[in-house]
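Several structures are given next for inspection.
One chain, chain A, links the two complexes that follow: it is found with chain B in the first and with chain C in the second.
This part shows the complex of A and B:
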């Protein structure tokens, strides 16, 4: 009897101590799909959240039956605070449910906050139990909140469209954990993709902005957004902006380019489009014959000719395909040189060369790591590119 | 109350007392005479009749012999074959040189043996003057013919199942195992039912220590009645409080035969249409007869699939509760939105929903089990479709929970052995409670506790999780996969069989090959 009583008491204590009240019913979640962080006056911070509207989840038949195929509508809420946590607490007062960061797909950083420093944002995200560390971070030239209020015509919730755009392979991605990693090693930089907001075009205007996001409208409300270049960060602060071409060049040096289309102007007025189908990279820190430490990047790109835009190239000739490959090599070198030049000018190692040195040339790294931003521009970079146009499609030439 | 009524009441009480006294007297008489040797004394011969008199279907034959000699035979009309009685006994014993034309005879030494023989359907023949009683075989008891198994059906393979008659079951095994070493040890269990039990094993193959232990446990069974093998199963377990079955019960003679050939033993109980096989491991319960009748690729695939189903049946509702209550970040966003849509308007948390559906399903299953087949099918349809639809429409539970519980139930049905399926059904609730209180860590701890218990469990000394724990790599060939029949397969090492290999090496079939043209058509 006594044992039974003790067992029941232990079970009750277990139930009480276990924190079963920590459980949250699904309908009590305020699902954050995207969050924008902007600098506010006097060192304060503004947080804007894109939240799934619970009302949009209501199925037509009610009673929890079935699921709608449309994405749910989202609403944006905003609050300001002396610190990020204060701003989030202020947001919690506006919302009936529990702010849930577990499904945040994009973190947007405004240019003002990016210049001031993103360390508090990363710190907040890393400390949260629910945050997914693979959540992508992006930076905007204006206010980050304006991206959330933009309403692109092709998708209902802004964050979904943005997330899909980021997943396109030619875009540099910066997950939270990689940004955090760059913060703990102050000598290394990181590229965070830039998102630009499309402003409405005049009614009789020409084609809208790139990236497929442009729409036309008569109001001044942002109507969409597009992935542009990227922001180069070092020590958690924005140091410079990169164009899309420079970003592609940087990605070749980072060993990340997976898919892109390049226009090649071949002799005799031939213009072709070549698509990169795959690439192998080898990044290393080596000693040159003179004993000088250098970075070596080897690119082995596999391509497919996808379109002949002009002319009648002899695609059945192996020599001609070799010529196209050489042209492609040159284009890749040009892009990579542009990115390298910017990194050297700014003294921002967003190409991860410092990590390579630390790994492969530790003795050299020990000597220079305290003054790496100054040393980095002087380090030679050996870039070896080999492209192969493997296929030309089913059609040889149009008659 | 009038004096007449009082008198009637007193008479009633007195009658009840007298009946009780008579019953007590009969019981006492039986206790005194059970082990009393039979003798030629006429008074004692009457005693046999007195002991059998409570049976209203008692029949008595008086067979006059020469002079004043009269032989008497006692039998139970309900259990004796009239034709055997008339032709094999009455006619044969009336001849000048009496020879009983019956299947078998055996002498009874005590009153107890004689009475039990009659109660078992035999004819007790009392020969004048000798004082002995002969028990003549003339039984005609109702029994059904072997039919299709109810629980363990197969697509390919024999469709024959045990019946309730022990003799028939023994013959079903004998037909499959024509080896002189096949042994059926007779035991009697149950003080009142005196149920015949056979301990069955292959001498020289089944480890003698295992047989001795089985014999010891059978003899130690102490109960009034044994109506089925289930009555003695619990008394034979190594850990009687474990939720896991430690003896396999099967209605298929081929499975028992396979077990005997692996070095296990079987127990057949009169009146039971299922045999018990031991020692067993967890993997024995995941094997179906089909595995060995299908091609070995299919057998292996089905076996692995069943393991996955067992895990689904055990963990799926608990996992759903844990992730929807505590770990929403683990759910893909699109799926979470679907779940949130489903939960709009439903007032109950996921854990309560899951329990409602699980309990409803258990009720449905139990109700369908006790109904005739046709009604049971109707109830399943009503329960599965209409009630499922109704509870969702009423906003009591959500579609995802209905789907989860349905998948779990189907996965549970895929576990081939009823005993293990039942254990998984019960353990599922403990996993659900752990998940509801502690989330995924709770589930992990509950699963670890189950695993620890399984590792420590034994079936007649055989580790329950062997050959996985302790590891026996050759033995794994028949636990997770179904190796081909021609491959060299050892018997389970931990069963300590007296000879190990089931199939000798070098029997892989291959096409006939001429010299230098191995595997090719030798024709020009």
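This part shows the complex of A and C:
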């Protein structure tokens, strides 16, 4: 009898501890796949959520996870509030279930809110129990909500398409916790990738827009999106925009690898494309011979020649590959200089140089850290690049 | 009441690990990072002597008064009247810390797993296992430790391995950027945790394989706990960088970053389950200490009749003494270090000095506690 009572008590305790107290069943959850935050008039905020419609995710034959072609995989809901939490509360009134942030894959910030400041969004995401801190943040030039209404033909839901695009190593990424780190140290900035909406392609017969990301479509509804460049943030506020080329330059200086293809114009009308296959970086803060504190970045890049666009280069010659390597050095320098120039002009240290100074030149840092945005543009940067075009793929040359 | 079983060295090590590491791993990293920033991990290693001191004191006391708990030694050394302040000091320590530990684990569960469950329910259920274990005797608590603690440590190691890709070693530099001051300040906080080995003076007399192996087990447990705390602190700082000192339960925030192949996410729930299991052991040890201290001080031969009412008081204390988690954090941050250190080190030291002065040791054979 006593043992039976204990067993029942233990089972009851187990049930409650397992969350059956005020538990929410799975079907009662509104699964958020992406969230867009925009500025609204009078300092208010608009929150738009992309909510999964589980029934639409099942394939018509059943058992699969491919999207149905007839119905959208997600629904978009939007609400406005004086604060972010008020907007979310207003959203909760529109939805039958409990908003669940645990599956949010992308956070989008509109330009208006980015200029006003993203600290409340980061605060909300960090404080929330369910959100993943590794969730990617992106910024848009227009309304962030417009990205959620885009319906790419190649992948549904659209947030998955965006998430997969960010996962590939072609773009810089800004997870929530790294953005939060930049808020803690106001002297350092951060790059948040920019997403731009693709409008429908022109009717049949028009130019195909080679290299673009647009897909076929017949209405004015955005048909997709592409990661374009990045927004440079400091103190949680958007300060400037970077082109994709400037982002690549910034990533060289940040010491991050980014898969990218570079076009090289070689002598005798030769045009080739080389692709980065790997890189090693060394970032340091040093003292120049005159005693001046400087930033030193060493890049050791390995590349593969992936295409010959024009001319007939002697790719069997090691000397010629060395020439291409030197040309690539120059291109990397140009990209890095463009990013550095922008950072200096804006006085935004999205290159993490302040952090380097704090690490390697603490005495200098103690002297300048309170006035770093003004000091940073004056700090010399020593960039050393060594590229190696190591392979030409499966083909040496065509006549 | 004497027990007829003997504590194995492995059980001693696991008990010590749960006692010290049970909360130090989940709470200390943010406190240390707030003080010492990039060098916080060093603050977790420097105060090891504070954990060794009570063990050394116990070793010498046990040589003079073998087989007695600290309270029994106090009675033998200081006499019945002299042992009352010792008992009162220990009761004050245990009665204040027991609810704090329970509340920390309840806050963890509320924050990470059961935000909608009423706090009183979480606190009550968190007390059920320690209450049951303590009523069954210290052997059950020791066996609980040898089963649950390796699981908790294993979960931490697995998650740490999965999160290695998120580690940025540059976040650990520069070394001692602000000088030794903040590192030493952080060490003082950690010292109060490590000195919790003083509670072992109530358990180590039950050793079953000799004093030397008992001490070896306790020291091993302490070293593992300090090592885990240091590694966890370094891991937290290396992933969260300047955020490390600003988050609650930092190790769980780190696991919110971690994923396996971008597919297996929300691994924090796994760690909560494992670490709450270790929390049961820590709460049980403190609760056992509270019950035996009260029983010895008021002259009861068996502490078991006290367990249910004291468990109720601990739950009520955990519920009411701190109005918010911020108040509890403030208490841990500012008051616990002095309160804990002075009693954890002061009381065994006082009994030891008394023993030295009076050089009074009973002859071989166990002395039954009054």
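By our rule, the second predicted complex is superposed on the first by the 342 of 399 C-alpha atoms of A that agree within 3 Å, B and C clash if a C-alpha of one lies under 4 Å from a C-alpha of the other, contacts with A are read in each partner's own complex, and residues count from 1 in each chain.
The working rule: contacts are C-beta pairs under 8 Å (C-beta built on N, C-alpha and C of every residue); 3 or more make two chains touch, one makes a residue touch a chain.
Bear in mind the structure is a predicted one, so any value in this text is a computation, not a measurement.
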{"item": "Which of chain B and chain C A:52 touches, first, second, both or neither", "value": "first"}
{"item": "Partner chain(s) touched by A:363 [first = chain B, second = chain C, both, neither]", "value": "neither"}
{"item": "First, second, both or neither for A:177, with chain B first and chain C second", "value": "second"}
{"item": "Partner chain in contact with A:42 - chain B first, chain C second, else both or neither", "value": "neither"}
{"item": "Comparison of chain B and chain C by chain A residues contacted", "value": "B"}
{"item": "First (chain B), second (chain C), both or neither touched by A:185", "value": "second"}
{"item": "Partner chain in contact with A:31 - chain B first, chain C second, else both or neither", "value": "first"}
{"item": "Touched partner set for A:132, first chain B, second chain C, both or neither", "value": "both"}
{"item": "Touched partner set for A:102, first chain B, second chain C, both or neither", "value": "both"}
{"item": "Overlap of the chain B and chain C footprints on chain A, listed as residue numbers", "value": "22, 102, 131-132"}
{"item": "Footprint of chain C on chain A - complex, ascending", "value": "13, 16-17, 19, 21-22, 102, 126, 129, 131-134, 167, 175, 177, 180-181, 184-185, 355, 358-360, 362"}
{"item": "Complex contacts: residues of chain A adjacent to chain B", "value": "14-15, 18, 20, 22-27, 29, 31, 33, 52, 54, 57-59, 62-68, 71-72, 100, 102-103, 105, 130-132"}
{"item": "Residues of chain B that touch chain A when the two form their complex", "value": "324-326, 328-329, 333, 336-346, 349-351, 392-395, 398-399, 436-439, 442"}
{"item": "Partner chain A, residues of chain C touching it in the complex", "value": "111-118, 121, 125, 128, 166, 170, 173-174, 177, 239-243, 246-247, 253, 256-259, 262, 265-266"}
